[in-house]
Amino acid sequence: MIQVENLHKHFGGFHAVDGATLHIAEKSITGLIGPNGAGKTTLFNVIAGVLKPTSGKVLMAGEDITGLEPHELFDKGLLRTFQIAHEFASMTVRENLMMVPPGQSGENLWSTWFHRARIAQEEATLRRKADEVLEFLTIDHIADEKAGNISGGQKKLLELGRTMMTDARIVFLDEVGAGVNRTLLNTIADAIVRLNQERGYTFVVIEHDMDFIGRICDPVICMAEGKVLAEGSLDEIKANEQVIEAYLGTGLKNKVTAGAGA
Amino acid sequence: EDINIGVILGFTGPLESITPGMAAGAEMAMSEVNAGGGILSGSMINSVRADSTCIDSAAAQAGAERLITSDNVVAIMGADCSGVTRAILENVAMANGIPMISPSATSPGFTEFDSGGLFFRTSPSDARQGQVLADILVRRGITSVATTHTNNDYGLGLATAFNEAFEAAGGTVTATVPHEEAKGDYSAEVGALASAGGEALMVLGYVDGGGSMISTAWDLGAFDHFFVGDGVYGDDLLPRIGEAASGLVGTVPWAVGAAADRFVEVYTEAGVDGASSYVAESYDAAALLMLAAQAAGEATPAGIAANVLNVANAPGEEIFAGDLARAVQILAEGGEVNYQGATNVELIGFGEASGSYREFNVVDGDFATVQYH
Amino acid sequence: MDALNALIMLANFVLIPATAYGSQLALGALGITLIYGILRFSHFAHGDVMAIGTAVVILTTWGLQGAGVSFGVLPTALLALPVGIAFTILYLLAMDRVVYRFYRRVRAKPMVFVMASLGVMFVTNGLTRLLIGPGEQRFADGARFVISARDFRTWTGLSEGLALRSTQLLTVVVALIAMGILFYFLNRTRSGKSMRAYSDNEDLALLSGINPERVVMITWVIAGTLMCLAGTLYGLDKIFRPFTFFQLLLPMFAAAIVGGLGNPLGAIVGGYVIAFSELGVTYAWRRFAGYFLPPDWMPEGLMQILPVDYKFAVTFAILVLVLIFRPTGIFRGKVI
Amino acid sequence: MSEPFLIGDAMTGGYGGADILHGCTIAVEKGQIAVIVGPNGAGKSTAMKAVFGMLNLRSGAVRLGGEDITALSPQARVNKGMGFVPQTNNIFPSMSVEENLEMGAFIRTDDYAQTMEQVYTLFPILRDKRHQAAGELSGGQRQQVAVGRALMTKPSVLMLDEPTAGVSPIVMDELFDRIIEIARTGISILMVEQNARQALAIADKGYVLVQGANRFTDTGEALLADPDVRRSFLGG
Amino acid sequence: MNPTLRAFLLFGLVGLALLFTGFNQSWTLALTILNMSLISAVLALGVNLQWGYAGLFNVGIMGFTAIGGLAVVLISADPVPEAWSAGGLGALMGLALGAATVMAAIAVWNRMQPSLARVLALIATLVVGYVITRSVFAPAREAIMAVNPATEGYLGGASLPVLLSWPVGALFAAGLAWVIGKISLGLRSDYLAIATLGISEIVIAGMKFEGWLSRGVNNVAGLPRAVPRPVELQGSGFVQSLSERSGIDIVEMASIVEKLGYAALFSVVLIMLIVLSELALNSPWGRMMRAIRDNEIAARAMGKDVKARHLMIFVLGSAICGLAGAMMVTLDGQLTPGTYEPLRFTFLMWVMVIVGGSGNNWGAVLGGMVIWFLWVQAEPLGRAVMELLTSGMAEDNALRIHLVTQAAHTRLILMGSALLFMLRFAPRGLIPEK
């Protein structure tokens, strides 16, 4: 689905992505992990057209998409969320969702003047769809709240919600889980799996929560220092010495192991 | 009852430094008449001011509109800058049939403009001043000159007139460079003029920009001799250009002989600085309006408009500054006056003044008259 | 000899005037950039507050001159400066108290601050004219020239003159010192850093124990000092007139922006960029060429790239070009 | 009953519209760790802000060491020894990492070089990036800067709003370790966490907030053991 | 208070102020103010479209207004045949050569690989093109400007109906905006501001200098009117009967009728624009624009072509400014490049939009009216205030004389205070965005 070939992204002298080569299989849910600053978000930004690569290539289903504008990629079915929430602050939560679907006839000035009826109809459909998504994410009670005024976690949910408003082929999720309640995160995980199975979305998921990764991702790619460090199933990755040293660590020194509970 | 006359000048904006003097000149004439018992057997004259801004024609028109329709002025003394004067005249004064006498709108464009007998000016058209300046240069044996002018209709019009006249007389104009008023730095303009060279620099503009041009050119050693047009003449000029002033020569509309002397007495007594630009012209403009009303026997716009030429020109008894009360008297008794005022007013046809110019130079740090043209 | 003459001419007509004018713009732009960087809005009242501060300096200078005080070869106005600076600071603080503080409290958008500063601009504009009138004022005294064009010619025997006004020299020196101090203050001292912190993230600054009102006050104090300095130096070197000072706003802003808003170094460089482009691009090379070309090769025209009419046009065109290649100014300014 | 070191007592209030907090109480004892968990939008961050004085309370009080500080400004609370890492916007983006840390020590008059050294030891990556603008860091690195800044204050109470959001497992482990260490030196820690199981594991006390009110309050261990709590709030 | 009610009240207040002016000062004055208010409102709509909808900080309003005004001259003035024969052909050829140079430069830039050679080739093309263009153009220009310089000296216009110049003015401005937008829309906030400000200064410099086109600083006066002049109206039977029936003097009546005529024309334009913008704003299009304004990065990631949308908004908003510029010149009957000052034509417009309430069309319109009213009425008010202040002092008190002679400047203080006052009590504007 996505083929990244020897990709480099340099900031001044710093090589944030340093020759990453990876492949994301169609209809997979690929996990992307790695220490802070490994270059994961930068990689996303390059693929999604926010940053131009220093060198290297990105292919989508065989087609060269390197350096395309984000909105062009969106039209090709490539969606992404942001690690640091990018909500439309002065719009309501519902409007944040309703603006997403492409090709709305109401986005054409001419139609806004002369095809009011058609727009009204489309809007009603969109609204219904947005409300469904909100309900699913358990934030329907804040549908009319300004998005700038909602809690940190709610913003992350909204990020995710936007990707659910339209039919995508591949969705890049940048730490949707950070700051999201773990019970809700499980529901989200189920939804991702469902979208993947029922609608054939491909997902690439950056996450630091190994439970979440373990629950849905296969394969898992681990990056470090701008390169791919390891790739495989989560269990393989977890067993990888380098990954443990750079990323996973050996758990809390005061004997409570991560995720083990009491 | 009282009669309102509008005084519309650029109290704010690029001319704000000379307009207070002009207004004072006009109001000096009014107080003089009032002190002598007013016109039309006892009507007192009120001055109502409005701001022309010199550049914002919309605001100027609104101001004029207010004067006419809400303050009920019967005539307007103003405006100052040619551009706004034209706007007020066409859109407000002519629509309401109100006569205007501008003390300073000198653009040649007015000469051919048909205002329906409503517009007059007490300063001569720049077309003539350009000629006079050219003559002065030729007589002084100058054969090449660089010209700079303030970048508006007045400056460009005067520069065009001067350049044409000078070249027709065999002189060379090495370059014509405009300058904007009130900008930060004039070295670029001076640089271009210096590169073009020339025996002298002709500065046509206002005290502000023109003064800066002269001092910059002097400081940089680009020119040693300066000639200036009327707008640059002013009390503020000499202190600010310092040494550059020695040898400076220029023209300014001026009265010859008795008219001027009388005016000096009048303004000295009134405590107004009459030597600054266009004060005398403003005095005359206001005086003409009042005398025309007296001649008409009624203070109506139509009456005033119809009588301005009568009182301004011969025949009749010559009237100078300070004699306004006597003129009113004569007119009231059915006599005729030939208003000379402060500047030897002579109106040729509608809207045109045939004034005389004073050629001045600077001697010992003060303006001195060379001769009159 | 010809080459020397040509060089002297270039220095006289372009290099020296541009350096002095650039320093004057730079001082103004420093204030603008500081206010933008720390208080996060474009301060449109800058030119007019400069005017009112300078007006106070002028009135004080006249007072001093009247009392027979003088400062030797240096202008008396320098002695009056402290009074003007104190006044400017107080004036700005008063404006902050009556106008801007409220908007900080309600966390108004930067645009609202900009509009409020327009309001302050109008008011200050009027006040200055009530205080000292709309006309020009001269208050320069002391030695006018370090080198005068005519003396230079006599001394060196060259055909070109070179002029250096003492106020030009003074401006450059003062501008350099002010820049140095400011730079040190912002990047090295605790107060300076706290000011930058405040501008970055006001809430977090609060959580770090930084007193926002103090930061604001220091900003106005520095800005006021710079404004009064810039105004006085400009007035000494050229002329004081309220309207001209208002007009200076545009080139000062251009300088701050082309250098990178919020960046003091940028303001300085921006000032020189604006000044040099104003003077350089429309410079007529005719006489310059005359020193090298045989007489019958001399071209007819002035050898100007563009007529001086387009002086500002050229400046702004350069500015736009710079911004296209460096969208936030030469030294990466802030975007709010 | 002795009063906890820091207590936000029966706090009610919001952002100007409807109330977000409804009589919510959170407290921490000296040298202990209290953890707040709850669904998104429950009002956890709001409660933290209320304790720090960034919100006007309609009723309720905040007391520190027995003294009523309800009316104090956030700045005054910093001077009383409280430190806070907000959930979002918690760094100075255009300042370098080192300057961010220096700002943390703004109110300190003593030499803070040593504390800075400790922060660098805790988060080695920050040492490498010390001269880089914090706004150019990765999400997890920013989070480390934010926590580092608060540590620089040497506060007597440290309030952290989701300090581990976005940090890698190895850093998270280090961070929790360090928090325990800090608590042992007598500093009270009040912390909101979504990595709730790890957090509650080290907590002396845990609060579950739902819709602005206390739902469960117990020791960390007890909450972890409660199947209801686990299922509804900790993700099973 | 209910926002709609509030809006109604505020508009009512403006109406009252105008009525008050009418009763107390005069109806023609009230109508003069109203007419400029309507134009200001149109301008404010244009600015609001750019800032309020899209967050584009355009400080080049002056340039677009001016170029719209230029259209009036080019469309409605009479042609000057002598000038055409003197240099018309040369001027046109010069323009064509200039355009060819630019096109050649663009072709060079696009065809060649990025390299030093490309830069050199570009410079060479430009220089050669410039030299050739200038050699053709300059003599033609001189020749045209030498034709009767005191009253003509330019090519004149097309002698077409003046109303046609309104859409053409909009078109001119749109064309200019397209070029500017292509160059500078990538810039953010204040950087875009200074770029647009700069370009507008360039436009004005051009209009002042290129006398062959519109007489430059010599101004074009006496342009054809859209409504008959009062002098002509005085002769019309309709106006005479109106005057008889109402008892208003015929001169005043004619003025009133003329001004009402303009007011009607302007209102039609304004209402049309409001309706169109309201429809657009309250639709997915408006939502998309707000999203772009709020967060460009996210909007792009959500598939919106931000650049194209910005360009479109910029062009539309500027076209409205051009339209207003043409209306203004039509009302004045003259084009005076010297009047285009940033303070009056750019900053004052911004004040209108922000005071009115950015992002809200009704707010912008209200702001346009309120601020223009103040701008004009602050002057007599300033004098009144000064007289009141000094009424206690002796006639020849020096302070009194100083204050009264400087009274014009209280206008500025008053204007500023009013602005500050309004911002203080409605920081988000009189009618804020919903």
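We just call them A, B, C, D and E in the order they show up, numbering each chain from 1.
To be clear about the criterion, a residue touches a chain if its C-beta (ideal position, glycine included) is under 8 Å from a C-beta of that chain, and two chains touch if they have at least 3 such contacts.
It should be emphasised that the depicted structure is a prediction, and the values quoted were computed from it without experimental measurement.
Counting only chains that touch, the fewest steps needed to get from chain C to chain E is 1. Considering the contact criterion stated above, the chains in touch with chain B and with chain D alike are C. Between B-C and C-D, more contacting C-beta pairs join the chains of B-C. If you average the Cα atoms of chain A and of chain E, the two centres end up 46 Å apart. If you average the CA atoms of chain A and of chain D, the two centres end up 27 Å from each other.
Chain D and chain E have Cα centroids lying 54 Å from one another. Chain contacts: chain B has residues 12, 16, 20, 151, 178 touching two or more partner chains. Of all residues in chain C, those touching 2 or more other chains are 129, 133-134, 307, 309, 312, listed in ascending order.
Contact with two or more other chains is made by no residue of chain D. Pairs of chains meeting the touch criterion: A-D, A-E, B-C, B-E, C-D, C-E.
The residues of chain C lying in touch with chain E in their complex are 36, 42, 44, 99, 102-103, 106, 108, 111-112, 114-116, 118-127, 129-130, 133-134, 246, 250, 253-254, 257-258, 261, 307, 309-310, 312-313, 315-317, 319-320, 323-324, 327-329, 333, 335-336. Residue ranges on chain E touching chain B, taken from their complex, read 24-29, 32-33, 36, 149-151, 208, 211, 216-219, 221-222, 229-231, 251-252, 254-255, 258, 328, 332-334, 336, 338-339, 341, 344, 375-376, 379-380, 383, 405-409, 411-412. Per the touch definition, chain C reaches chain B in the complex via residues 12-14, 17-18, 21, 24-25, 129, 133-136, 138, 144-145, 148-150, 152-153, 160-161, 163, 165, 234, 238-239, 241, 243-244, 247-248, 251, 275, 278-279, 282-288, 302-304, 307-309, 311-312. Interface residues of chain D, counted against chain C in their complex, comprise 52, 54, 74-75, 78-79, 83-84, 86, 89-95, 99, 102-104, 106-107, 149, 153.
In the complex of the two chains, the chain C residues touching chain D come out as 190, 193-194, 196-197, 200-201, 203-211, 334.
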